[in-house]
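Each of the next two complexes has subunit A plus one other chain: subunit B in the first, subunit C in the second.
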Partner chain A sequence: MKPKLNFEWLHACSGCEISMLNWGEQLLDLFDQVEIVHFPLLMDHKYGGQLGEGAPLSLPEADIGLVSGGVAHQEHLQVLQEMRKQCRTLIALGTCATHGGIPAMRNQWSTADTLHTVFTAGTVDKEISPSSAPAFLDRVYSIDEKVRVDVSLPGCPPQPQLIGAVIKALVNKDAFQLPQKSVCETCPTIREGKKKMAPVQRFLHNADYDRDQPVSEMQCLLEQGLVCMGPVTAGGCGGKDTPLCLQARVPCRGCYGPVQPGGNQLLDMMNALASNGIDHRALVDRKSLLRFSGAHGLLKPARKKN
Partner chain B sequence: MAQVIHIHPVTRIEGHASIAIHLDDVGRVSDARVEIAALRGFEQFVIGRPAEEIPRIVSRICGICPWMHHLAAVKAIDGCFGVTPTPAGHRLRELCQVLAHIHDKILHFFFLAAPDFVLGPDSDYSVRNIMGMVRKDPELAARVVRMRQLGQMMLERFAGKAIHPVAGVVGGFAKPMSNEERQELQRDAALLLDFASFALDYAKDKVFGRFQEEMQSLGAITTGFLGAVDAQGNLQLYDGLLRLMHPNGKSVDFPASDYELHLSEHVEPWSTAKMVYAKSWREGFSLDPAAPKGIYRVNTLARLNVCDRIATPRAQAELEAFREQFGRPAQGTLLYHWARLIELVYACERTLELLADDAITDSAIRNPATPQAGRGIGHVEAPRGTLIHDYTTDDNGCITKANLIVGTTHNIAPMNLSVHQAASSLICDGEFDEEMLNRIEMAVRAYDP
Partner chain C sequence: MNREQKIIAFCCNWCSYAAADLAGISRLQYPASIRIIRVMCSGMVHPEMVMHALAQGAAGVMIIGCHLGECHYIKGNEMALARAEVITDTLEDLGYASEQFQLTWVSSAEPERLVEAFRNMCGRLAVLQSEQSADHIM
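== the complex of A and B ==
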């Protein structure tokens, strides 16, 4: 019998799912090798019965479970707990699931403040709070804060080949290795050494490079004075090639989360800057260094002044 | 006995939604709602961020159309900082935008919607999906998978990231296009145009022809429409004027920066999705199926209804045939699928048109920007409709205020009306089955929410 697969999305954007579809024709092999029993983007299995009964939420049993997105709402929590219960191996897919991702930037505000801002923004005709508002949790959680996770596969989105390789390895009961290096360690740009660092600037002009030369002939963006989070970010986005943002001649913003799963991208980046003699006060909005990893209590509302 | 039918979740759509259908004591539909519980709070957490970083943050609103949010934001931030992108900067942005429409339309039509038609609305839920399509027609499925991936890989090869892009920057674009890249893209875009033409022929034969009645009747409602056109009335995706068409067919054109004069947002206590309506019609907002007020639609069918013509030949020929058959404005809800494939043809033709101009490889891709206090309103036409990003910055160029009107929110109110219409016409005397519930979902899928 083919192994069964469940794929759920919680507080997420569907980028992880689309990345998996970008695997291309190998996807057809996957469809052949596993039986997908629950996957709201692609198939019609319902939570509470196929006939609209509104029965309690239940998911089928599966050998492999993928969860994208963090946890921000009571229903996310229910779905996640059911996934954990029904799936033998649970994969946290993408940086929202592993570290909160971009949506955890809202952890700098209370849920009440966020709801108030959204439901009074701009063109809203009259202020009213939806009745589902109380079901929002106090903040955005990564899924490992709520259930046990067997495999963490960060990335915004994770690279298709890596998603595929992990699923295949689980199907075939093979061992697999996740990337261990930082973005810097996989980046081919030229580094001249510490003393060369320019003062940090905002990304308001393009990097300095020769358009006819490959990325390997471009000077490190951090050495050019552009904040690049390569030193403190897990690598693998470009597979065996150059990290993807660098291919576009744009600095890394940390979308794979910290190099070590428990790392703190803000503190690590401050250290990286300080050890290169750069004054961190030049950075506007330091909290943005945690823009992908604000779960685990790292981003919190500022204490209100009385 | 009164009861509530829950379709939870609505599946084969690109986000989170559920449907609740209320039946009264005699089994008639008394109410039907599309409920959306997702809320991430982008309008809150962009506050305080350096504005030039916003296009790389708000892309995460949607992993299917991240380029749309990326570019609407980058255009808005140009406005905040008072910088005009170079011509090549605009060209490269538009190229990426039309390319990003291509994979989206293939995904929606073949992966999400087609199983209902090709395998049948009554087929078992376990096979009524892309995996079932693969079993039924492996050759077609392989081509679809390959072509969708090709559209994405063209973006990735040229612009680094296809999902959650980074190459659009305030003042222009981050990297120029080499001649080699241009030639490769031209070769691949020609393959996509062939596929688009094939897809439309296939759909006419296997879908639209076989479901003629449903195309016009399922979830049918009468509404106004909103989309973008250029000064000559041609269909536009990247830029242009907004055109708001009243159900009576009369239109008004306005720049996106005037959106607040024409549109307003309404909140219903049962949904966290705001519903946009046409304030300028001065009739208010109502979801009453017997007398809806302020309701217009966006997305593919709306754009084809509001434009006078399409500036590329194959898509224009298809538009003429479409209008011949369904008139203008066409109101049938499932006609969204047909319009989607005509737009697919346009997106491929426009890609080739942009690549044909030598100016696409120009080196002047970005004008430098200086942070300043200001306000910018950026608009693009996303696959799911008119997308507006509106930001205000302080003296340091950091965000103080944001208002985002995303494509799907315009269509929330009409989707509710379509679901009510579909449910009322399918369910009588409290009798319903899985096929009926799937047909009700088909009304939602047409909008590609």
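== the complex of A and C ==
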């Protein structure tokens, strides 16, 4: 019997699902190896059975469960808890599920402030949201803050090859190792050392490079003064090749989250700049360095000053 | 004084830990909320360690090193100084108060200065706490 697979999305954009579909022909091999029982993006399968005969929000049992997106309101939480109950192995897929991702940027404000800004500013509506809408949680959580997670697979989106490799390893009961190095470790650009560091500036002009030459002939973007988050970001986005953003000659945005599970990209980046003698205050909008990893209580509303 | 409150003080082995030792021998009194952690150099205290202490519930964190120019490892305390600026700036970003962190220089012959720094930190945190509880009531 083929192992069964659930693929649920929470506070997500469907990019992770589309990344998996982008795998090309190898996806068909995967469909031969597993039986998909619940996958809202691909198939019509309703909570509580097709005729609504089951309990509300009930899901089928599965061997492998994939969850993309973080947890922002009560319904996300209930669906996630049901996924955990029904799936033997639960995979957090994508940075939203592992570290909060872009939606967790709202953790900089209180939920009341966010609702007010989004739903009442510029309208005459009195009510913020219909009373039938699920209640918002106090902030956006990554899923490992709410349930036990067996495998964390970050990325915005994760590379299709990596998703496929993990699922295949689980199906064949093979051991697998996720990349544990930073983006810099897989980056081929030329690094000249600490003395060559330029002051940081905003990315308002392109990096200095020769377009006829490969990336390995370009000087490190951080040394060129562009805020590249490579040193504080988990690698793996380019597979064995150059990291994806670097292939496009732009600095790393930090989308794979911190290198170590408990890391703080903002703090680590500031520390890296300060230890190399660069004025970290030249960096405007520092908080955006946590743009992909604001869950786990890292981004919080600013303290009220008297 | 709040008996529940804990202040983590990272003291470098060569100056400030020796000063704390001397403070003990000299029977100088300082608040009981201080918890000293000996490190080899103030420059080895990564901002993550400070943030971890605060996340685990410490009321405040101090890094205490040798005076500038007197570091046992030549430039360790300059590293601590650069990192302290980062910590002070980032604390506010991460929802803490910048008053919860303090960097101080103390030589091994200055136990009074160390005790003074401990007392100041405790006083500052008490003020901060009363402000925060006042906000809470409002």
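We adopt the following convention: the second predicted complex is superposed on the first by the 288 of 306 C-alpha atoms of A that agree within 3 Å, B and C clash if a C-alpha of one lies under 4 Å from a C-alpha of the other, contacts with A are read in each partner's own complex, and residues count from 1 in each chain.
One rule holds in what follows: contacts are C-beta pairs under 8 Å (C-beta built on N, C-alpha and C of every residue); 3 or more make two chains touch, one makes a residue touch a chain.
Small disclaimer: the values here were computed from a predicted structure and weren't measured.
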| item | value |
| --- | --- |
| Chain touching more of subunit A, residue-wise (subunit B, subunit C) | B |
| Touching partner for A:E75 - first (subunit B), second (subunit C), both, neither | first |
| Contacts of A:H11 with subunit B and subunit C, given as first, second, both or neither | first |
| Which of subunit B and subunit C A:Q180 touches, first, second, both or neither | neither |
| Partner chain in contact with A:L266 - subunit B first, subunit C second, else both or neither | second |
| Subunit B versus subunit C as contact partner of A:N172, first or second or both or neither | neither |
| Partner chain in contact with A:L21 - subunit B first, subunit C second, else both or neither | first |
| Sites on subunit C touched by subunit A in the complex | 46-48, 51, 55, 79, 82-83, 85-86, 89-90, 92-97, 131, 135 |
| Of subunit A, residues touching subunit C in the complex | 263-264, 266-268, 270-271, 273-275, 277, 280-281, 286-287, 297-304, 306 |
| Touching residues (chain side subunit B, partner subunit A) in the complex | 4-9, 11-16, 21, 37-41, 43-45, 47-50, 52-53, 56-57, 60-64, 66, 107, 111-112, 125-126, 128-131, 134, 138, 141-142, 145-146, 148-149, 152-153, 156, 159-167, 169-171, 174-176, 178, 259-260, 263-272, 274, 276, 279, 285, 363, 365-366, 368-371, 390, 396-398, 401-405, 432-434, 437-438 |
| Complex contacts: residues of subunit A adjacent to subunit B | 9, 11-19, 21-25, 27-28, 31, 36, 40-48, 50-54, 72-73, 75, 101-103, 105-106, 108-109, 113-115, 117-119, 121-133, 135-136, 156-157, 202-207, 211-212, 237, 244-250, 253, 255, 284-285, 288, 291 |
